[in-house]
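Take a look at the structures listed below.
You will see chain A twice below: alongside chain B first, and alongside chain C after that.
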Partner chain A sequence: MNAVSGTRTALAIAAGALLLATLPAWTTPAIVFLVGLVLIDSIFALSWNLLFGFTGLTTFGHAAFFAFGSYATGVALKMQAPIHFLLLLVVVALLGALFSALVGAVVLRRTAGIALAILTMALGEILHIIIGYSNVLGREDGISGIPRPVIDLLVAKVDLQAGNSYYWFLCLVCSLVAGALCWLTFGRFGRVLRSIQQDAERTAFLGMNVARYRLASFTIAGGVAALAGALYAPWVQTITPELSDTFRSAQPMLNALLGGAQSFWGPVVGTAVFAVVNFSMRTLPGLAELVVGVILLIIILVAPTGLMGLLGKLAWRMPGKLSPRRALGKLPRCRKKAIP
Partner chain B sequence: MSAAIIAEGVGKNYRTIAALKTVSFSVEAGQVLAIIGPNGAGKTTLFKVLTGEVLPSHGTVRFGDVDVSRMPAHARAARGFGRTFQVARVFQNSTALDNVVVAIEARQRTAGNSPARWYQFRASQSVIAEADQALAAIGLADKRDVEARFLSHGDKKRLEMALTLALRPGVLMLDEPTAGMSPTDRNQTVELLTRIRKETGATMLLTEHDMDVVFGLADRVMVLNYGELVAIGTPAEIRANKAVRELYLGEEVDHA
Partner chain C sequence: MFFAILNGLSVGAAVFLVAAGLTFVFGILRVMNFAHGHFFMIGAYIAFSIIGQQSDSLTTYLLASLVAGVVVAILGVITDFTVLRRLRHVDHAYVMIATFALLMVASGVSKLIWGQNSYSISPPTGFGEGFAMGDVFVSSFSAFVFVAGVLIFLLLDLGIHRSWFGKVLQGVASDSWMAGQLGINVPLLYTGAVVLAFFLAGFAGGILLPNQGLSPGLALSYLLHAFVAVIIGGLGNIRGAFFASLLMGVVESVSLVVLPNFPGLSIYVVMVAFLLWRPQGLFGQEGHA
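On to the complex of A and B.
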C-alpha cells in the first residue's frame, strides 16, 4: 500500500466514522435502528469471512454462535444478572469462543469442504431445535422485553436505554472489533491463515501446524459471532430461535459474497448494500428477495470477486496505475519458456 | 560423517496393494541421493513416507537420532525437512516477496525468535531485507512485486526453491526439480542446486527422470522397481549394474 492509497483509506474511514456518529442528528430513528443492525451484521459477516475468505473454511452454521451470544446475553439481562455489561460482553465472547473451539475440535477433523459445511449447518439447526424446546429460552416465542443496560464507568453512568446512547455504543464496539479483526487478518497470524487458504499443504511444509491454525481461526470467528449476537439482543430487545437457522447463517455468506470475500472490508460493504436494497423495497413484499437474487446472480457471473473486487478493477484502470498483469508486461522478456 | 536420514524396512500398503515393499537405506549428511525408477516404481510413495505426507505401514524413518516415523509433515518440516513439489506449489495470490516473507516468518516462529513485536502487523524490515536477498539469489529480484500466479512455470519452481531455502533446511527433498523445464532452465536448476549444496551443505534427496540431471548431481543413486530396491550405489556402480541396465537404464547409457 503506497502513501496515496493509505491517505485515501484513512480519509474514507474518517468520513465513514463522521457519517455514522452524526447519523441520529439528521435521520429518523427507524434508519438509526437499521444502521445499528448493519453494524452488528457487519462484524458477524466479517467473522464468517475470516473463515471463508482468509482461512479457506466454508461453514454453513455460523448463526449458531450468533444465537448463542444473543441468548446468553438476553437471558442475563432479562434476569437482571448482577454483572457489569462490558464484562458480560467479554464473558459471552469468551464462552462463544470456547463453544466454537469445542465444535471446531470435532468438525475440523473433516475439513474436506462439503463435509464441514454440512456439519456446521446441522449444528445451527440443532441449536435452533434445542432453543425451541427450552422453557428458559422461551421456546418458539423467544425472549422479549430485553432491557438495555446501564454501564457504570466509575466516573459516570451511561444509560444505554436513553436516547441514542446504545447506537453510539454499537458504533464504538463494532469499530473496535472490525479494527481488531483487520489487524489480525493483515498481521503475522493472518499471513499464515491466508497461506493456508491458498495452499494448506505448502503451509504445512513451511513447518506450520495447519490444524492448529484452522482451529484458532474457527475459535476467533465463533467468539466474534457470539459478541455480535450479544450486542444484538439489547438492540432489538426481542430474540427468537430463528436466529440460529440456516437462513440466518446464509446472511453473512451473502453479505460477504456480494461485497467481496477476498477483500477485508467486502463483507461490510455487502451488508450495507443489502440493507439499502431491503429498505428501499420494504413496501413491496417479495420484491426484495427477487432483487437480491438477481443481484447475487449478476455478481457471481460478472464479478466473482464481489463489489470490492469490481471497484479494485476499476481503480486499476485509472491513469498512473498498473494492473498486476500489466506490471508484469513491463518487465524485460529474455526468452520464451517451454511450458508443457 | 553421520547419517542424516535412515530408513529401516519402510513400506507402505494402500489397502492390499504394496506400493512400497520393504526398503532400507541411509543418506549421509551433505550427500545427494537421487531416486530413480520407472513410473509406478514407488518413488513418490517413498518420498511421501519420508516427508510425512503418508505414514509408513511398517518400518521406521529416522532423522539424525530422532525417530520421525509417526511425526506429521509439519513437525518434520519444523525439524528441517524442506520439500519442493513436482508441480511447483507457491502461494498464487501473493507476490513473490510475500511468498518468501511467509516462509521466513514461519522459520522464525518455529525457532521462537521473531524480531517483530506482537502488535506489529507489517513484516519487519529485517525480514523484508532477507526476502529480497533470497529473491536476488535465485534471480527473481525484478519480479518481487508480481503475484505468483503470473509467473512462468520455471520462475514458480525457482520461487518455491526460495521458499524452501528460507527455512534453512538440513535436508532438501526435491520431487522432480526439473520436470517440465526447457533445457536452459534445466541447466540453470542443476547449477542452482550445485551452488546451494556448496553454500548450505544441505543433504538432498531427489527423484528425477532426466538422467543428465541425476548423474550430474547425485553422489549416490537408488533404483526402485515395483516398490522394491533394485540397487543403490555411486553413479558409476549404477551405470555398471547389470540388473539396472536391463531394467531401466540400458538404452540411455548405451546411447549416452
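On to the complex of A and C.
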C-alpha cells in the first residue's frame, strides 16, 4: 500500500470538505445553489457509474429513477404528508430500489448490450409520457412550490427552509451516500462486480451468480438515483417531466465519462467540470450543446479514461514510479492499494 | 377505425424511412447511431432552406430531398473519418456514447444555424387534395409517403439480397476479417455503408418535410420511433424494420382512437412486450444481435 497517496487522498478529501462547508460564507447564493446541484448530480452520476464503470451495464434511462424519487418526494412534501423527512428519504430510496429491482428483473434477462440500452431508454420515455399526462403530477407543468421541510431531531428542530441549512444538509447526505458507495465499490461486492464487468463468463465459472449480482447492482443504482431525486425536489422546489427524458439520462453518462468512468471519484470531478462549462455558456442554448458534445467526442476519441485517467497518467510520468501498465495492466486505476 | 389503419400505414412508412438507415448501418457496422434522428432533421432543415414553406412543384421538392440526402451523405463521410473509423475496435458502449455526443453536436449546430422556432410546411402544390377509398378520405400526401416508404424498402431489399454490392456488404457484415482476406476493401465498404445510411437519413428528411412541423424536437421523436421499429424488427434487419414500422404506425394510430388519453405510450408497451417475447426481433435469428 502506498502511504503517500493515502495521505494525499485524505488531504484532498479534507480540503474539499472544508471548501464545501464554508462555501456560503464567501460566495453568492447563486453559486451555492449551483454547487448544491453539483452535489446531487454527483451522486446521481456515481450511481450510474456503478452500473457502467463497475458492472459493465450501459443504461440510457437512469433518469427514470431520479424522476421517480423527485416526484415521490415532491408530492409527499407538497401534500404535507405527516412523515419525518429523514424517514421519507429512506422510504423513497427503498421504493426506488424496489422499482429498480422490478425493472431490472425484467430487462436484465436480456442483457445483450444494445437491447438493454434501448429498453432503459424506453423506460425513461414511458415515465416522461406518463408524468406528462398525469393530473396528480401536474402534467407538463410539473409541480412547483415544493416546501423545504423541518427536521425534528428530538433534541432540536432543524428548519431546512432557513438560510443555508438545506445546503449543509445536502453536503452531509451526499458525502454519506458517496462514502457508502465507495465502501461498497471497493469491498467484496464491488470486486465481484468489477470481475463481472471484465469477464462475466469467467466470473460465472468461478461460482458467482452473475445474474443476481447484476440485479443487485441495478437495484442499488436505482435506489441511489431515487435518493438523489428525493434530495433534488426540495432543493430546486420545482420539478417537471423533463427530469425523466433522454437528455437527463445522458447527464450522468457525460459526467462519468468526462471525469473518468474507471475511477470511482471520476463522475464527481466530471459533474463539477460540466457545471462550470454549462454555467459559462448558459446564455447560448445551441452552443452549450455543441461544446458539450464536442468535449465528449474528444474525450472518447483521445482519453477514454477521462480526466482522472489523464491525471493518473501525468502522475505516473513523475520519476521514481512504476509504469502504470506494468503495475496495473488494465485494471481500474482508482485505488492503487488493491494491487500488491 | 379503417381510417386509423390507413393513417397508421402512412405513419409507419414515414418511420421506416428513418429506421431504414438506422438498421442498415447497424447490420453492417454493429453501431447503434443515436445521432441518426438528428441527421434526418438536418436533412429536413436543408430541404426547408431550399424550398421554403411551400414548394411550387413536385420536381423541386424531390430535387431538394435529393440535395438534402447528398449533403447529409457528405456529413456522413466526415463523421466516418473523424469518429466512427477511430472507434472500430472499441467497446460498444463507448461507440454508443460517441454517437450520443454526435447527437448533441448535430443538435447544437442545427439550433445555431436554423434557430429554435418551429415551422409548418405544406405539401407541394403538385399534389391533389386526395381521393376516396370506400367511404374513407385519404390525403394524397400520406398516400405518397406510404408509396415512398414501400419503394425505398423494395430498392433496399433488392439491393441487399440481389445486387453484387449488397452481397459483398453481407459478407463483410458476417465476417469482416475473412472478407478482408478475400481482397475486399473492408474500410471502404464500411464508409460506403455509413454514407448510404446518412444519405437515406437526409433524403427521408426532405421527403417527410411536409409531413409534420419542423422543430428541434423533430429528431428525438423520430429517433425513438425508429429505435422501436428497429428493435421490434430485429437489429440490422431491413425487412423486419419495414414490417415493424408499419405495425407500429397502425398500433399507434389505432391506440389514439381506443386510448386517447396517453398518446405515444402504446408503442413502448408493444416494444417491451415484444422484446420479452422475442428478443431477437420479428425476423431476427438467434445470436444475431
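Please note the rule applied: the second predicted complex is superposed on the first by the 319 of 340 C-alpha atoms of A that agree within 3 Å, B and C clash if a C-alpha of one lies under 4 Å from a C-alpha of the other, contacts with A are read in each partner's own complex, and residues count from 1 in each chain.
Definition applied: a contact is a pair of C-beta atoms (placed from the backbone, for glycine too) under 8 Å apart; a residue touches a chain by one contact, two chains touch by 3 or more.
The structure presented is a predicted model; accordingly, all values stated were derived computationally and were not measured.
Enquirer: For A:G163, using the defined touch cut-off, is the partner it touches chain B, chain C, both, or neither? Pick first, second, both or neither.
Expert: Touch partners of A:G163: none, neither chain B nor chain C.
Enquirer: Which partner does A:F186 contact after superposing on A: first (chain B), second (chain C), both, neither?
Expert: A:F186: touches chain B, not chain C.
Enquirer: Which holds for A:P29: it touches chain B only (first), chain C only (second), both, or neither?
Expert: After superposition on chain A, A:P29 lies in contact with neither partner.
Enquirer: Between chain B (first) and chain C (second), which, if any, makes contact with A:P147: first, second, both or neither?
Expert: Touch partners of A:P147: none, neither chain B nor chain C.
Enquirer: Check the residue A:A115 against both partner chains and state whether it touches chain B (first), chain C (second), both, or neither.
Expert: second
Enquirer: Could you say whether A:L206 touches chain B, chain C, both of them, or neither, answering first, second, both or neither?
Expert: A:L206: touches chain B, not chain C.
Enquirer: Show me the chain A residues, by the header's touch rule, that chain B contacts in one structure and chain C contacts in the other.
Expert: none
Enquirer: List the residues on chain A that touch chain B in their complex, please.
Expert: 183, 186-188, 190-192, 194-195, 198-199, 201-210, 262, 324-325, 327-328, 331-332, 335, 337-340
Enquirer: Provide the residue numbers of chain A that touch chain C in the complex, in ascending order.
Expert: Chain A reaches chain C through residues 52, 58, 106, 109-110, 112-115, 117-119, 121-122, 125-126, 129-130, 133, 246, 250, 253, 257, 285-294, 296-297, 300-301, 304.
Enquirer: Quick one: which bits of chain B touch chain A in the complex? Just the residue numbers, please.
Expert: Where chain B meets chain A, its residues are 51, 53, 72-75, 77-78, 81-83, 85, 89-94, 98, 101-103, 105-107, 109-110, 114, 116, 119-123, 142-143, 145-147, 150, 152-154, 163-164, 167, 180-182, 184-185.
Enquirer: In their complex, what parts of chain C are in touch with chain A?
Expert: Residues of chain C touching chain A: 32, 83, 86-87, 90, 92-94, 96-98, 100-112, 116, 220, 224, 227-228, 231, 235, 261-262, 264-265, 268-269, 271-272, 275-276, 279, 289.
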